[in-house]
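Taking it in order: structure first as structure tokens, then the write-up.
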């Protein structure tokens, strides 16, 4: 299976790449390059730039008001995007809430939410995981009880990335007890300013606070914020997980970081260290394989529509490679990576050895990628059952 | 936990080592060193030498007619033994049939079988595995039906090492159908010359034929060859598996082979190859850890008697290390290991590059060690249940 | 653009090779390969080939590897025909009328064999060997004697260090591209072998019962099979990419060929080891259908060189 | 025979350190360590120590590592007291009245720091650093400024390349043995940390339920826990062997210290990664009891050097 890339596709990608490189602010690029934490303004400011050219909701069809790229163009765009040290845009609105609202919501919901998402006017977060339901979403217990024209939500979500910045949350909540745990789950849009919502940040190993706990105490959500059919939310949630998986290879980003590591190693005179070089080359070859697998899956899905469970392979290998790279980078800098300067990581002070300093925090922070988005264990369960047919 | 080694222990070990080195025939040593296959005469001839000094049934107590070594002396002896390129003695009589007959048999059986085993007059094989019951011994189906003063055996054993050389087999057979699969299994001693037994060799990947299938067609075994109680064989079998596990680290042998690989590498001028050296040193350190774990387990069991399920760790790591070493050796010789000369491996013709030639066959042959003696998967099941308490 | 087969043509080719390979198991496959035009099929029509290109060569090698035939398509179908293209001997080789082996030092692209004997590989019955002499020239030398066997039954020679024989004009220049195509074919061969091993193992895990349930219902087995399936896909992805890049005369083609081989060795080694282990005792035997493929992968790693050698050549390419 | 504690004495020591360590979590532990005589406890009585030897030092380090205290016993309790033994400053250090850091190049036993700034490690509040100058002499130099923090809260300095300060007579000669003992203690520290991580993870696997059953009932989890338990035992085995060999003045002692450290890094890296992964999201957080230990192991690998560096030093020892 090979992908057909036309001259027009190439021209589009080249132009988009040049545009991105020209627009990315130097200070933002340096923050990303040095693993300095981003502020909400860093992120939304850059998304503003993207949205101005309709490059923010990059995967959206023309019907949704997006750029209407073909899968090939989308792939080429992501490759160009990954090659520059730009922040990974917040996906919760554009890749998750938006597509579900478009696919399963009503016209009023589409008109109300989609333009704001596309144009970066609302910041979204994802209310899936709960303390008792991480990778096992079917056992979630946050409840939404119907009272007149409202749902009253009680319970707790956890690992909610950027909930402290968010205007809206899309959440899976339990509206009924079904015979199977997957039944009775509904998909609700919740305004984060509603009374009764408490957001508590959770610091991760590296000192950052991108995750949160979100507590709901008698939170009243209008029934018009229910997406699709009550009790059918599990299906919408699964729709998203498959979507997410495909975009989680992170190949383009890993390709950029590989190049940065090679640059750093060259500057340190380490390119004659055969042990280091062999580690680097092994990862490079694994990344080549990942890129080719991604292309093959894209070619296969070009005709057939959405990617199948095979995309779990990309998530598994993509996250493993990202971790291997961050470990190589840590080992390359060695003791130089040991100073931990909160002021530097918060972007409040220049680092004295800025290139090296973020390596430790980045390695610790990246432990998350094999856990979130459906842990790699869950991906292997999906593959063994749905692709290999073992049960 | 540390082992107390007395001066007398050290003196014993030094003397035994010197004796072994002096007695090992040069041609036999060369065969072992070059991974040439051994004949029955090679093996029994060398066991004859050992038996003459009561070094064959090395683990036997004085009561059994053995040398009556302490656990420490036994360990030191095995270390001396492993350091010379001597064949691994056949264990089925001395380490398996003998101890079971001693522990669970009657006086007549002890008098009849033990001296022959100790003095290398009978060659034994082990009838455990069956085509439907490899690592899952409880599901074995070879039957022994009582007819007067005989059991009539029907069925099939497989993976029977050296059955084609054996005088006797000790076998687990089903004498009744129990409520649980472990029930109704009995421990029977079978004369391999009994009519109705057919032995069919199985060639392994490397071309050797040490394994066999053994077919039983109305084979009449006198009831006096039943060991212990009818139906209690499962317990005796388990007794042996734990015994086996402890002796399966193969650390002393791996230590010798590590030295041989270093010698070979030095002769090939490869000791400046950092990639090779690092692989070698990693294995050497893993082997050091294995040796120390073995010592710790020995010290712990010195007071308490027989080794516990912790010994599964030694089996797992010991076999992994043995395979890693044989792989390193194969990669060291590279294309020089590619000539496959059956005449050479059979000891019928000198090899033109004898040191290298056996490396490929040895690597393929050693795939067995993580499968037999309770596969490493079964060892992990034992550890997780019995040591970690996970179920 | 060089020769590049259409996807549909490649599928037709693969199916016809697969049919042949299934029938040719256990026989000398070279006459049949020659008859079907599969020796040198990647050459241009002007050179007597079928314009199958590197992708066609890969399709041929994959099916031969899958069946575990007593042939090394990377050498017999690709490297030798490419290096002898346009010569009379080349024509004979493609027709199945002559058999030529290849030296190990040529596969390494290393002229120096330091006056030591070296190994050669190729079809049983070969009487000449393509080698690099001390000056780096490509030379056709007589083979000193009959072949010996490798553990998978394929032929090997030990050649004394002679700089005898005929120099092949232009051979050294053709070498880098020919070696990249051979390596791409070797990687394809390996993907065929490991694909078959994977399928056999998956089928066995479905059918074999232990402790009262199918092996494939144990979660550790499931996860290991998933990892094998990923390793297989990685090898296929890079093998395919290398062949396409060669046909497209992509400047990264030689690098991709080394990458494909590194991945083939990595994935193939894992799949071979796990195929034996997961089959248990059966997997250790000559009688298992897995045995020839396990040996093939193990042998080819040494013939074409292991991971470390090719990591270096990847960087140098 | 050098100082060697009896097994029963070692157990008493370990218990008393464990008691102290549990109480000292989150505080500056050095005053307490000094009060209990745990700084320089491995020194002879003549030198003001408790004759605890390398095994005693290992017992101390294990318990400090298990609790994840804000101390690096390999440096504060072992290396600095050994190098300063018999000096006034050494007496002050053991009494908790002075604090001395150690440079990275001293840990590497590499005099050359090529005129570049180097790192130093030790207790918060240290004002001097033991380092190797360009000529390989052991030198006590002033620390340039206040400490900065590492991610686990312990102190680090970046020191400009000066050959200032006092040369410690005989220090360079004492260095190899002192470094071996420090490495042995670092390995013991790591086994304490990884042992605690392993226990926490095992407990979590027993109690945490997912998909309707305890995580520990999934076979993949069981096998992973088994592999962690083996990795832990391997690290413990070599750490213990190194300390015993040092006390027995075994000529293999320095080698064993490097081996113990290689194993500690290998096992510790695996256990730290798996502790995070198996705990899931919780394992990623600061709030998890695993967090300080994961960081400690990750930091110490860079402080004392990774596997590759010590494979070479093992061979050279």
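Here are some notes:
So that you can tell them apart, the chains are marked A, B, C and D in the order they are listed, and the count of residues begins at 1 in each.
The working rule: a contact is a pair of C-beta atoms (placed from the backbone, for glycine too) under 8 Å apart; a residue touches a chain by one contact, two chains touch by 3 or more.
On a predicted model such as this, the values are computed, not experimentally measured, just so you know.
Among the remaining chains, those touching chain A and also chain B are C, D.
Chain B and chain D have CA centres that are 41 Å apart.
Among the residues of chain D, those in touch with two or more other chains are 220, 223, 308. Multi-chain contact residues of chain A, defined as those touching 2 or more other chains: 275, 278, 377. Arrangement of the chains shown, judged by which pairs touch: all-to-all, with no pair of chains left without contact. Put simply, chain B touches chain A in their complex at residues 274-275, 278.
Of all residues in chain B, those touching chain C in their complex are 129, 132, 134-136, 139, 158-159, 202-207, 211, 275, 330-331, 334-341, 352-353, 360-361, 363-364, 367-368, 370-372, 375, 377, 380.
If you check the complex, the residues on chain C that touch chain D are 218-220, 223.
Within the complex, the chain C residues that touch chain A are 7, 202, 205-206, 216-217, 221-223, 225-227, 229-230, 233-235, 237-238, 240-241, 244, 256, 259, 262-263, 307-308, 311, 314-315.
Of all residues in chain D, only 104, 119, 148-151, 156, 158, 209-212, 220, 273, 276-277, 280-281, 283-287, 291, 294-295, 298-299, 302-303, 306, 308 touch chain A in the complex they form.
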